[in-house]
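Shared between the two complexes below is chain A, which has chain B as its partner in the first and chain C in the second.
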Partner chain A sequence: MSGYRLTSGGNVDRQRPVRFAFDGRPCTGLAGDTLASALLAEGIRLVGRSFKYHRPRGVLGIAAEEPNALVSLRGGGRHEPNIQATMAELHDGLEVRSQNAWPSLGFDALAVNGLAGPLFGAGFYYKTFMGPTRRAWMWFEPFIRRAAGLGPPPRQADPDVYDRNNLFCDVLVVGGGPAGLAAARAAAECGARVALCDERAAFGGSLRGAAREIGDVPAQDWIDAQLAFLAGRGAVLLPRTGVFGYYDGETLGAVERVADHLPAPSSGQPRQRYWTIRTAEVVLATGAVERPVLFAGNDRPGVMLADSVRQYAETYGVACGRSVTVLANNDSGHAAARSLAAAGVTVARIFDQRPEVGPAIRAIAVGIGADLRTGWTVVATHGGKGLHAVTAAPADGSGRAERFETDCLAMAGGWTPAIALASQRGSAPVWSDALGAPLAGVPAPGARWRVAGAAAGRLDTAGCLAEGAAAGHAAARAAGFDAAPSAPPACAAEPVGLHPAPVPRHPDGKAFVDFQNDVKCADVALALREGYVSVEHLKRYTTLGMATDQGRTANVNAIALMAAATGRSPGEVGTTRFRAPAAPVALGALAGRHTGAHFQAVRRTPVQDWHVRHGGVLSPVGPWLRPRAYLREGETIRTAYIREAANVRGAVGLCDVSTLGKIAVEGPDAAVFLDRVYSNAMQSLAVGRARYGLMLRDDGMVLDDGTAWRLSETSFLVTTTTTGAGAVMTHLERLHALFWPGLRVALTSVTSQWAGMSLAGPRSREVLAAALPGTEVGNGVLPFMGLLEARMDGAPVLVARLSFSGERAYEVFCGADHGEAVWERLLQAGRPHGIMPYGTEALGTLRIEKGHVAGGELDGRVSPFNLGLEGLLSRKKAFFGSALLERPGLHAADRYELVGLVSTAGVPLRAGSHLAEGPRTRPGPSQGFVSSTTFSPATGQEIALALVKGGRARIGQDMFAADPVHGAHHPVRLAPPCFVDPEGARMRG
Partner chain B sequence: MRIPCPTCGPRDLREFTYIGDALRSAPALEADADTWAAYVYTRRNPRGEHLEYWQHSHGCRQFLRVRRDTATHVIHAAACVGPHATEDEA
Partner chain C sequence: MTMIERRSALGDAAALAGPRLQIRDRGFAALALVAAWPGTGPDVAAALAPAGLDLPAAAGTVAEGPGGHAMMLAPGRWLLELAAPALPRLDAAIGTVTDIGHARCSFMLAGEDAPALAGKLAAVDLSLPRHGPGTVLQTGSAHSTPFTLWRQGPDRFVLYVERSYGRDFLDSLAAEAAEFGVA
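== the complex of A and B ==
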């Protein structure tokens, strides 16, 4: 037992115990605890094993800088790995598991990795991947995957919901410590709309529970008064909200942990909320992170950051040890020692690496009865899974080392301002010799932030309050709200962590720089010896700073080590650029409500419900759900589509084609517009007639095919493929806006306004006639490519004599509201003729038999010459895409050409197969690929369409459809792409 | 990034679709293949200020000519082009 709960102090509720379990062991904390403070109060120091070497690790810090104490929370669908114990709030029944230990935390068999240290040294991954030993990865991988890692991912679906919200304000203050609270207050006093975010559970930062006065009230009272004032002014206060990204236009991303501190979210409450914050001005009051000191064994449980040890005592009423030793390289360690002693924690001795300290600092040690040794440092730590002694010696090596019993070593290694957000917004950091750390530089052009408090290098509370208020005032003024805010309160001066002693040149042994990624000082030295002198290279070579904590406690020590080793100044070494996210973001928060059925909106045709009621097996086609086939008793998709397709050829079928894109093109210049857009002539199209047409892209490749129906001199209805609808609409709008804005034409998407159904088969005319009694539908009135307006049971319908199947066929369009009625009417009229509805599988079968191209062929890489559609290219006019059609490559003899395939062995073919000339053992180079396949009831064969090099000249040849992924290599014979009625007599008749 | 749509006001990037480089002018249909090849394939791709076309696809569907800094994403101006063209104010 080491840490314990102090008898008084802290912002915890001593009347409200909270029960939780750590690796199954029952524990008790208090309301207001973090998991880390509760574990420390229980005397638990060993919390996890390290990433690479499986070294025992405990809590190092107090908040988001924590590199060691990563745990898995909860179970089942609410299991969440890699949570910092310092950020997790305690709740009743919380299940906590340690990570990366096997078989148990106390006895970890994989700690042998620590003995195999050289194997996993700096650059191990790099060398294994890139070097001549790359093949070794095959052997190492399974072992490394198990040995090095974080917590296991959840195996079950997350039962909770996540929300996304937008927040608009004039001044956003990031960080609710003394500087942030002062900034928020000043901005609010000026009348600005203020939002204040803090990643921790409560506002106040390092002042929470501190035994000091602000103005003339206790620190906690001052914090509460500021929050009450801000709430009264309507400020948005967001605790538990970490800002992870700062983007252009003063847009910031943040995640609010709405219910992470509860056993489960209440009904309707999201677990987390992703905020998109748009603000005029930003105040970054993100504080500073204390640095560890570099010495052998600085990662042993019980070795912690000094101000974190102080905050555990003052904020949570927890002593991290029975006898604390402070190791400082600056004055702030002494301030922490004084506060600890005042809170009732025993501070036995203070080592300060500096040869001399001032009289006021010396007086602190005297006042608290601690043994102060200046010019001393710690050189080793002792204890297996928890510190029980340190060896210390004069830092200059001049004297004898001594051993001291202690169960908590508090390191004060200087302060690193948290500048990640400013850096994300494009600010180049500037090195500060006084801090021994980089500060945010000037804002990039257009950036609207200012930095205040410890984040700006002001480490004293009085300075934080004054500069915070000034920054809040300046931000409000810049946002257009000028008034004179009240003066910030006074507070007593304190020792601060400026001018830290330099890092030692060569810390011995296992002195860790990056705790989370297990990077040692020696690894930095090795990287330098191997030539990685740039800090960006060092980072990638050693993985330093690349863990989930983003190297908050590590980066600056690494820069200082590099500087010392290469004789450069730290400013010359430079820093790496910070990128979003500054902290891990759960995928659920990014997805928000867009999960499951809400992932994408589903478009429904007017006949959708009928399909479902009648055995339609729905499957996604673009944003739609379409029936693949209508299953009868005992049928499979295959037997059903064969029946449906055969029935179209033999009698009549009905297919829902409402999903086709439909665009109304209207205006005096509509015909001119379409004439430029389509490759074939459209101006000459007579009113009451339809025409098949091809649209090309700028580069001459095929964009889409479809039909144009001329409804009047000035009005056309254009149809597109189902999946091409959006692209065609944008294409037409673009051509109108950018190429021919003078044309008087209006484009309107009417896809959802029309229901459409294809009535196809030799009996289709009889069915149509029966459904439209009194209306003449014969070839004289409604020939192939003709249009007819009529009324079906009172509903206006538009009938086009178009055929995708190659049979006599009609597309019947009606208003969407009449869709299901018209569908039912056609089925009823068709019953005596043996009508059956058919789905997309049969639709595909019929068009493949007929050699019509669709999505499988129109993949964006084909020209009209590949598809044999030269006949649709007008020679009398220029049209969009025509200029680039004469490029020689499009006319090469070995260009892909559309052909049909017959599977001569009678086995089904698979789309995506390659066409090969040789047998399985010597296939030779690919000669093309299979684009669409089906069983053809009309020919009784397995057939396909394919794009084959010089394909037309090879018709009649035998080749192989090679699909090595599935082990298939089937003989095929090349055929003309049209298998049914090549003369077109059936569709015209 | 927010784009100030002249018809809808400032709107989030997610409502817009990038259409292409606006430094090039649209060739006539009858222009020769070299002119079209230059239009289709040649880009200046500047770092800094650039002219681009964006469509307000989840809004008014107008095409906008946007003067944007590709390094900082600062948007200096946006105007509608096409039949409903607006004045470029900046």
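== the complex of A and C ==
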């Protein structure tokens, strides 16, 4: 043995050293090492400090159950905290930093927390919320925040990309150990499409490197043969892929660590990939986790799980100690001792808590030259930052304690099947007295999983192989594949005698049950004394079972402690419900490509590029980007929109309204259909005319407002608000499909088909005429609400004389691919008339001046009676929403009514302000709220629209716009909602 | 008089290529949605046959005729990609033809990696026969963008995306295709 590296054995490449650094110290491992195995090989046993008490901690386990060895990897934007050293693969140049220690891991000033241990028991910070004064928490908080926590987050942007992908299969096998490999093979032999996932870098599970034979071949050769077979059958093999969630419909989430084991991803390669897996059947071969034993000092570096110690020797060629002591309560500890000895590790002694063991077990100790003491247990450990001795004694207290020199204590405390995914899918765990742990129970109705191998409580390899094959076959048959698979291979029997987890006496001293959260046995007792007798409350009060390891090594011991303390069986205590994710998932993997420019899908109008070239300040409106205004030099948004709006009132403006929702409603029954969905009559709309209308919800509230253009007897173009387009389309499709399927009408979204632009202002007719030479556009041909089909330089255009601004206005629609060119033609034609483009701010200003409602008013809580739009409610026909319009509350005299507001102090008002009758100090109850605000170029005033109780009768009254959040209380006067041309002469002329 | 030209939503950057994958804007002469009323499907098929259009009768399938391709999206609903710019007409008593020629961009994905890329975009099991060559489906991408997917061959896909999403969709396609060496 060189250092702690054994001279032979392990699935590592002894010809390929790998250099890395731990807290700045240069280290060397071998290709195939994990970070944990490499650190152990270097003799580095102190790898972290515990969460609360900053106790020295070392590697405990071998894989995702690891609670102690949490490190930070890499630097800069790739920095990643809280990585289990047991799951991190080694690569050249890997930078590793320990966590939760200051100024260094070896000398951590916050280890003094341990001296104040009684003050920092479970739930201590909850008590700081309550006293000694109400401000006690405010005093404690900075210290607690500074002292607590795991690794620091990265401070720079992550340069890597993450991917999301879909995977479909017939049978998904989770776990690539012996049971999983057997299941995958059996399912593939039956003809099913198989996917096999394992969270570790290589398949094989506990068989990797094991010195045993499967079906007359070495275990590693058998593993390789299964993988080759599966690959030949087209199975999807996903190592480094942890399945973290199991959802309805047999949909599972998994994250593949594509490039975490490399210095950096290659060009175009994602760092991690989130797989959404949809499968017909699932085999959960997720294995089992070994439990620690509870005794004082069981958290000291050098105290490890026995089977993990075995795997470090067999898989990585690393001895975890020069003189190992085994503490077991079941046969697997003895099997581990035998394997260790065969690998060249000295096993000095075995303590077995059972009073007696069988002759075959005794023979193991004899064969390896270990001192076997049955009925003994460890009561204390010794060594500051690394174990160097243990004190052991008869478990029944009948003899004297003795001290034994040892640098590695391998605990074999029993096995806990990994049942998290089955629990996520809805099954209730069932306690097994034989195993001393919960099993997965039965699938919930509709769930299609089965469990095999150690996850089902089978701890012998032969049993795992047989069960796995049976499960794979059953899964394939359930998925519709009926071929018979070959028989599983034979292998030698192993000792698997179990002893039910002994009801632990409350150990003296610091005996830890949850290493990661620093929860002691005493904390469990404390929680029970304070009344937290539910296992769910125990978890929340003590934090036991939380954080990165999800209590894999802690939960069952805690259940046993609770059971013993409360006089219940462990089954009666039960387990907490497992929830996804079963292991930490990077936010980057969840986001995939939905970051930065791809955060959400962006829709562009046909004129988008023109807006950008001409100073348009773009702002999101739903998925669209619309120009708020076109800034000239020295302008702000406010001065720009005032200029643009004034120009519309005084000359002519052009606004891109392509984002309006547009729906083609076509068919012999199109008019009948629209008559039913609009509150006003549409059947009577003549061809070549448009009409403004309201669509209501079934409760009578306004869903959306828009226009309907009748293009022919059987064809309409319906427009909606920009952000209401999707809801309206869904509404219409639902009505047609569910209520009126017999109507011969087709509904087609044509929002993207048409570019739309609003040409508005007193000179708009002249501009239109100039743009359409030879086409008559006068009032006689194109009156208010009229339609006109024409051609602009060969491009078909559809013109509707509609006005949102209150000025004479035309909405010019054309095919989207013609949009930018038509826009440019209109601007060219409008140049002699003073045309300017205007954005959404000016658009809003104009419609507020005119009292036209929009998003601020149409918030889903208003009926036509609130908006003064009773005139749009037909009395001659029923329409969708008409029945509930009769509710008395909608007609109440004090209902909200739309009014205008003038800020009499000349101060801009804020939308959302309440209307109040009283002064700032005694405002009185809210009388309503401000819905939309603007500066009005037409009147020279700050104005707004508002919904006020009984508003119409209160026009002329003085009130206050109260905004206590921003400290505002401004005087306002109620006014009619239309500030400009109330008779409508400007837009109808 | 200078005729108004059509300008693509995708601008100039509409072709991407990798070792085993090509992505390009493929354009089309005309595109339309056809709707039949309950029971008038055969009448619609008969009415469009003279225009060289063969309407498939099974949802999710594609038929080719001299007049273009017809893709059945749903019962009584077809997407037509026409070989010439002119749209056929239907008597309103049997159905409608709605022009969506300006409303869509169309991309071609071709090459050995095309199925893998398509599988990233659409949560659809492309190995199933009902999603094999000669089939069409309407779906959405992980980028929350709806699209129509026409599988022309084992390694050849046509996507129709709403024009207003076109440029953004192309950008996300490029990002998704980066792992296949597309630049």
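By definition in this document, the second predicted complex is superposed on the first by the 957 of 989 C-alpha atoms of A that agree within 3 Å, B and C clash if a C-alpha of one lies under 4 Å from a C-alpha of the other, contacts with A are read in each partner's own complex, and residues count from 1 in each chain.
By our rule, contacts are C-beta pairs under 8 Å (C-beta built on N, C-alpha and C of every residue); 3 or more make two chains touch, one makes a residue touch a chain.
This one's a predicted model, so the numbers in the text were calculated from it and none came from an experiment.
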{"item": "Which of chain B and chain C A:157 touches, first, second, both or neither", "value": "neither"}
{"item": "Partner chain in contact with A:270 - chain B first, chain C second, else both or neither", "value": "second"}
{"item": "Which of chain B and chain C A:739 touches, first, second, both or neither", "value": "first"}
{"item": "Between chain B and chain C, more extensive residue contact with chain A", "value": "C"}
{"item": "Partner chain in contact with A:882 - chain B first, chain C second, else both or neither", "value": "first"}
{"item": "Chain B versus chain C as contact partner of A:445, first or second or both or neither", "value": "first"}
{"item": "Residues on chain A lying within both footprints (that of chain B and that of chain C)", "value": "278, 741-742"}
{"item": "Chain C partner contacts - residues on chain A that touch it in the complex", "value": "161, 163-166, 168, 193, 267-270, 276, 278, 592-594, 597-598, 600-606, 609, 624, 658, 664, 666-668, 713-715, 741-742, 744, 746, 748, 750-754, 792-795, 815-822, 825"}
{"item": "Interfacial residue positions of chain A with respect to chain B in the complex", "value": "247-249, 251, 278, 426, 444-446, 676, 698-699, 730, 733-734, 736-739, 741-742, 878-880, 882-884, 886-887"}
{"item": "Residue ranges of chain C touching chain A (in the complex, touch as defined)", "value": "1-9, 11, 33, 35, 37-38, 92-93, 95-96, 98-104, 119-120, 122-125, 127, 142-145, 162-169, 171-172, 175-176, 178-182"}
{"item": "Interface residues, chain B side, partner chain A - complex", "value": "1-2, 17, 19, 26-27, 29-33, 35-37, 39-40, 53, 55, 57, 61-63, 69, 72-74, 81-83, 85"}
